[in-house]
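Two complexes follow with subunit A in common, the first pairing it with subunit B and the second with subunit C.
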Partner chain A sequence: MIRHIFKLIWNKKSSNFLMLLEIFLSFIVLFVSLSFVIYNYRLLNKPLGFESQDRWMVYLNDMSELDSLSRGQLKETLELELEQMDRIQQIAFGNYAAPFSGNNSISGDDSGGFLIRSKLATVDINFAETMDLQVTSGRFFDDRDYANPNYEPVIVNQFFMDKYFPEKNMIDSIIVFSGDKQIIGVIEGYRYNGEFTEEEPMMLQLGHPRDNNLGVMYIDLQPGTTAAYEEAVNKKIADIVQDESFIILNLEDQRKQNSRSTWIPIIALISICTFLCINVALGLFGILWYNINKRKGEIGLRRALGAHTTDITKQFILEIIFLTALAVILGIVFAIQVPLLKLGPLEPINLYYAIALSAAIILIIVTVCALHPSWQASKIHPAIALHDD
Partner chain B sequence: MIKNYIILAWRVLSRKKFFTFITLFGISFTLMVIMLLTSFLQTEFSQKAPLKNLDKLLFFEQITLKKIHLDTVTQIDTSYIDQVAQYDTTYTTKETGTDMSRSGFGEEILQEQFTKLESVEKSTIYNSTALFDIFQNNNKISVSVNYCDPNFWEIFNFDFIEGRPFNASEMSQELPVMVINSEFCKKYFGRTQNVLGEEIKLEGKQFQVIGVVHKPNVSMEAVNSYAFVPYTVFPKNPNDTYFFGGYQMTFLTANGLDKTRKEMDFVSSQISMDKHDYYEVLEIVPKSYQESYAQNMLYNDDPTKSLRWMRIILFGLAGLFVTLPILNLINLNVSRIMDRSAEIGVRKAFGATKMEILTQFVFENVVQTIIGGIIGLGLTFIAIYLINDSQILGSVKLSIDLLFFIYSFIIIGIFGILSGLLPAYRMSKLQIVNALKSIKL
Partner chain C sequence: MIQLENIHKVYRTKTIETTALNNINIHIKKGEFVSIMGPSGCGKSTLLNVMGLLDEPTSGKVIVADQEVANYNSKATAAFRNQTLGFIFQSFHLIPDLSVIDNVELPLLYRKVNAKQRKALAIQALESVGLKNRTGHFPNQLSGGQKQRVAIARAIVGQPDILLADEPTGNLDSVMGNEVMDILLQLNQTLNTTIVMVTHDENMAKKTHRLLRIYDGSQVA
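Let's turn to the complex of A and B:
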């Protein structure tokens, strides 16, 4: 059977070659586009690690001209007064490595025997509650930590643990990382540069609102605030800090804007690929329909010699699937080089998914396109077919 | 002759409706994708207001300061020669790490070092990082403000709806004057005209509007600010240092980019690092417009590499996306054209040359492509309208002009000829006997 089908394909090699090339190219296009889409889809499905809905971020102006005491008092007043407003639930302060800011602080240290590299952010004790961080083990910073002078307490994310201390419980252990640090808790994710960024080791350090570098204020609000309310908050802050050069950013808007630059190419690629698939499917359908019509004589002869209608359908479908498989295998041979030779920046797992999905899509399209013409061919009456010839 | 071809092409098209549909669908959507891409590239990279001098511009966006840690490794090899230990010591110095800080420029370093370059016609220093919230009638307007100097208006050629840019004397007198763009104007005043002399309050200061410019269609951030004010009006940010601040600089080069790049490299290599107590090495990379654009899309420390990668990806993908429909069309045509072997046999029997048959089929295909192209053009208009309306590309507004039409028709022509050539060539080679044998006229 297989040898027979191969012979049939070989006999028409010149016109089959063009089909083979077309299916091969479709596979490559799908593979490239799907790699990008799958990579981003997998990132999107990982937890972001904080809440952006109904959260505001306020970049306060520089307060370095104030001494730390009055700075602390000012921020304390800010916190107290704002928390008395009816829709504000919680206030926290953090440094400039803020969500969606593009600011990063990275540090590395190898004095513990191996190199630890991590992103850093400094926050105060209310940060977890305000931003809804998920503490998976241990605890978040609290009042005690301001008083504890022995070791500097830090919180790391799960990725940090998995990368540097896999399957160990490091809660309350001391690590060497720019001095001795005590890990007091582990949080989930906290990919603060957006949902389409890779997971990275992250370390939160404790800061006090009176520190000058904690210049970003986070506000947790009740749902459904209006611009008028924002104006009232803006006035209140302006009255307290005696300055108008700060801005209130809506974290949800920031998140959307941040991910837009990734969504646009994803949507463009998916729509172009869909169109290409429809185009190729229609084309294949037309070609198959034509070719099968041209082989009426062959079909009539087989039917006359006692072949069943299902045999005819089977032959044509197998023929086209065989051709497709050939093209897809050729495509896979090329595509597999990318993860094997580690070309390109993507993790191999994404590429394997892309290869599998592209192959599946192409096989499905081709089979669906072959069904109708093959079924039609099987319906040809032997007498008419033979008469035609 | 041509009239005959057209009539024939039309007949063929209307004979098999389903195949005509498949063909036109493929052609029109492919051409739409190509035209959208053309329109996008043209909007972002063509020389029009405010980037009429695009090819002559060099941009300073970020400055990098580095400190490289060196570590000396001492290696002692001991060997015994005649039972006496011999020591062979080698010292190697290697980099163990780099501390780096990267940010916008400080105003001082730009003023002091880069305002008097010989190969530069004009240069401008600006800071477009500021954002302010204005509340008006229960609406919030986030105003992006660009602090710039008067040269900004000569390097970026904005279209003014009314009014004028500010000048050097207004800058030196620190007058609170402001040029705003049409989008902000519409949001704030509800109209885009007759606003000269009106006042806008920003950071406790009353600014007088002296000009309104059209909002540019391109995505470049610095020209898309809502408001432009002389940078002397705002107090200096106390965090700014000699090297670091929020400033950028743009140069209008006099004799080509390369010459200026060389001069800039020389000047930056002469800058003394005494003014910084920690970092030792300074790195400034001037970028062309395209390089800066590419670096925003695909980050690489070297902007020329970013640009190369962006080109490879863009043209690679576009190439694949175009090859596929062309192949599809060729495939379809090769199958379909067999239908007409009888016609070709008769024509050949009456003395038609190979070339004549080839021309006829290519021509037919071009007619088909043009019909598909016109449908594609219609689809492109709809798509552009939808894209602009939904503001999916942010400040980029896709536009259509004469050049776009010329490009589109070149693309349609190439597409038609390419997809018709191979099937027509095959057909023209057909032997008369074989062609006539399958006659079903």
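Let's turn to the complex of A and C:
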């Protein structure tokens, strides 16, 4: 039967060509769209590395006119006063390379024998706890590190380790990166530019609250704290800093706003894919109905020659599935060149998933569309079919 | 070989009831070549469809090859048709996208005969109708007479006991019609195949063993 169906498809190659082309092009469009969607979906499912829920971020006003001692005292007062508020659990400070801010600090150094490039952020000792960073090995900064006279302590992310020191335990080791740095801990990740960004090598440096560049304050709130509480916090900060030019931002809102720019093209692509699939389905439905009506005589003849209704259903479904499989195989041959030849910017795994998903979607659509017309074909009365033709 | 008892066939719509066959009683013996004649629309083809199990009578008993087929389910009926009956149609009903040999192999496909054996049997059938050298041709490359000979080869490839021919010479000129008729007569004589043929042609009907006449759904002779 399978050979017979292949013969039928081959002998009708000129009339099948357009359908084959339609399925092939649909596969390619789906593949391209799904590659982007899958890439972003996988990014979305990776942990950010820090918590944005119930976290506020305060951009403090410029304190450069104050001396370091006054700055330190002011921030210490902020920390003490705010932590006494009923819904505030922890306060930390960091520099302007803050989550979802778009601010980046990148540095590179090849004096250690190979090039190390990493993003940098400066934070204080409370940052890990305040932002719920996951330390996977070593430890986070603590008071001892302020007094380390020999090496500047740094925390790196796992991606940094995997890229530059794979399968090595570098805890307490010294690396050359803008001077000697001692890696004291490794964090799981810190994708502070947002959930739709790739993990990159990241290095956290220790900053002291008295440093002028630690101008961002992070507040860890009790779960369920509402925006109304912001007024009390705002008042408290204003009383301490004697200024109202600071800005309080809800980190979760920032995360959502940051993601919106990526969600829009994703939703647009999913809409295009859905529209395309509906079009393909309707087109196939129409072609199948036309084919069945055109081939009524053949259906009647096959029934007269001993075909059972299931043979007719099977034949029509297999015909369309084989044709689709042919178009999909052709599409896969083209699509697979992208990861094999590393033609695109995306990681190959995303492309393989996109190929598999595109093939599955097309085959499911085709099978579903073929089921009803094929079943209807089998219900055609042989005597009527032979008479009509 | 074929026994029809009190066959009635009525087509009903919401508003109208049409009697296509009215109390038909026919008994056709093995090896008989019977022709059925009658004006257009008198029920000849319906009668052939009932004999060929392509249509069910509204009432009456159908016995084909000593089997009362009324109780057969659709799968058994399909298998019975495949094993016992061969069909020849006025408009040939060849599948245009299949070559001559593939068209002839069709009944064997549903009998699950392997490809090698199918091919051998199809060539043998085509040889018996004088078309062995046309196996790779497609129906649109054949004349009307050749098409009907392919259809005959397809009908006999499974060596059925009964051949049902619905105006097999109706679309052919007299020369080609005679050629086709000669093949049918030869099949009847050499293989003892029972043949029932619907025809409008008195001359063709005269060549058969027996003539049945139908008029307005009733048997008149």
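Criterion: the second predicted complex is superposed on the first by the 372 of 389 C-alpha atoms of A that agree within 3 Å, B and C clash if a C-alpha of one lies under 4 Å from a C-alpha of the other, contacts with A are read in each partner's own complex, and residues count from 1 in each chain.
Just so it is clear, contacts are C-beta pairs under 8 Å (C-beta built on N, C-alpha and C of every residue); 3 or more make two chains touch, one makes a residue touch a chain.
From a predicted model like this one, the values you see are computed outputs, not experimental measurements.
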item: First (subunit B), second (subunit C), both or neither touched by A:L386; value: second
item: Which superposed partner A:E65 touches (first subunit B, second subunit C, both, neither); value: first
item: Which superposed partner A:K296 touches (first subunit B, second subunit C, both, neither); value: neither
item: Touched partner set for A:G283, first subunit B, second subunit C, both or neither; value: first
item: Touched partner set for A:R255, first subunit B, second subunit C, both or neither; value: neither
item: Which of subunit B and subunit C A:K119 touches, first, second, both or neither; value: neither
item: Most subunit A residues touched (candidates subunit B, subunit C); value: B
item: Touched partner set for A:R191, first subunit B, second subunit C, both or neither; value: neither
item: Common interface positions of subunit A, toward subunit B and toward subunit C; value: none
item: Complex interface listing, subunit A residues touching subunit B; value: 15, 18-19, 21-22, 25-26, 28-29, 32, 62, 64-65, 108, 226-228, 230-231, 234, 244-245, 247-248, 260, 264, 272, 275-276, 278-280, 282-283, 285-287, 290-291, 294
item: Touch list for subunit A against partner subunit C, complex; value: 1, 3-4, 7-8, 11-12, 297-298, 300-311, 381-383, 386-387, 389
item: For the subunit B and subunit A complex, residues of the former touching the latter; value: 18-19, 22, 25-26, 29-30, 33, 97, 131-133, 135, 138-140, 142, 203-204, 237-239, 317, 320-321, 323-325, 327-332, 334-336, 338, 392-394
item: Subunit A contact footprint on subunit C (complex, rising order); value: 45-46, 49, 52, 54-55, 74-75, 78-79, 81-83, 87, 89, 91, 93, 95, 97-99, 102, 106-107, 109-111, 115, 138, 154
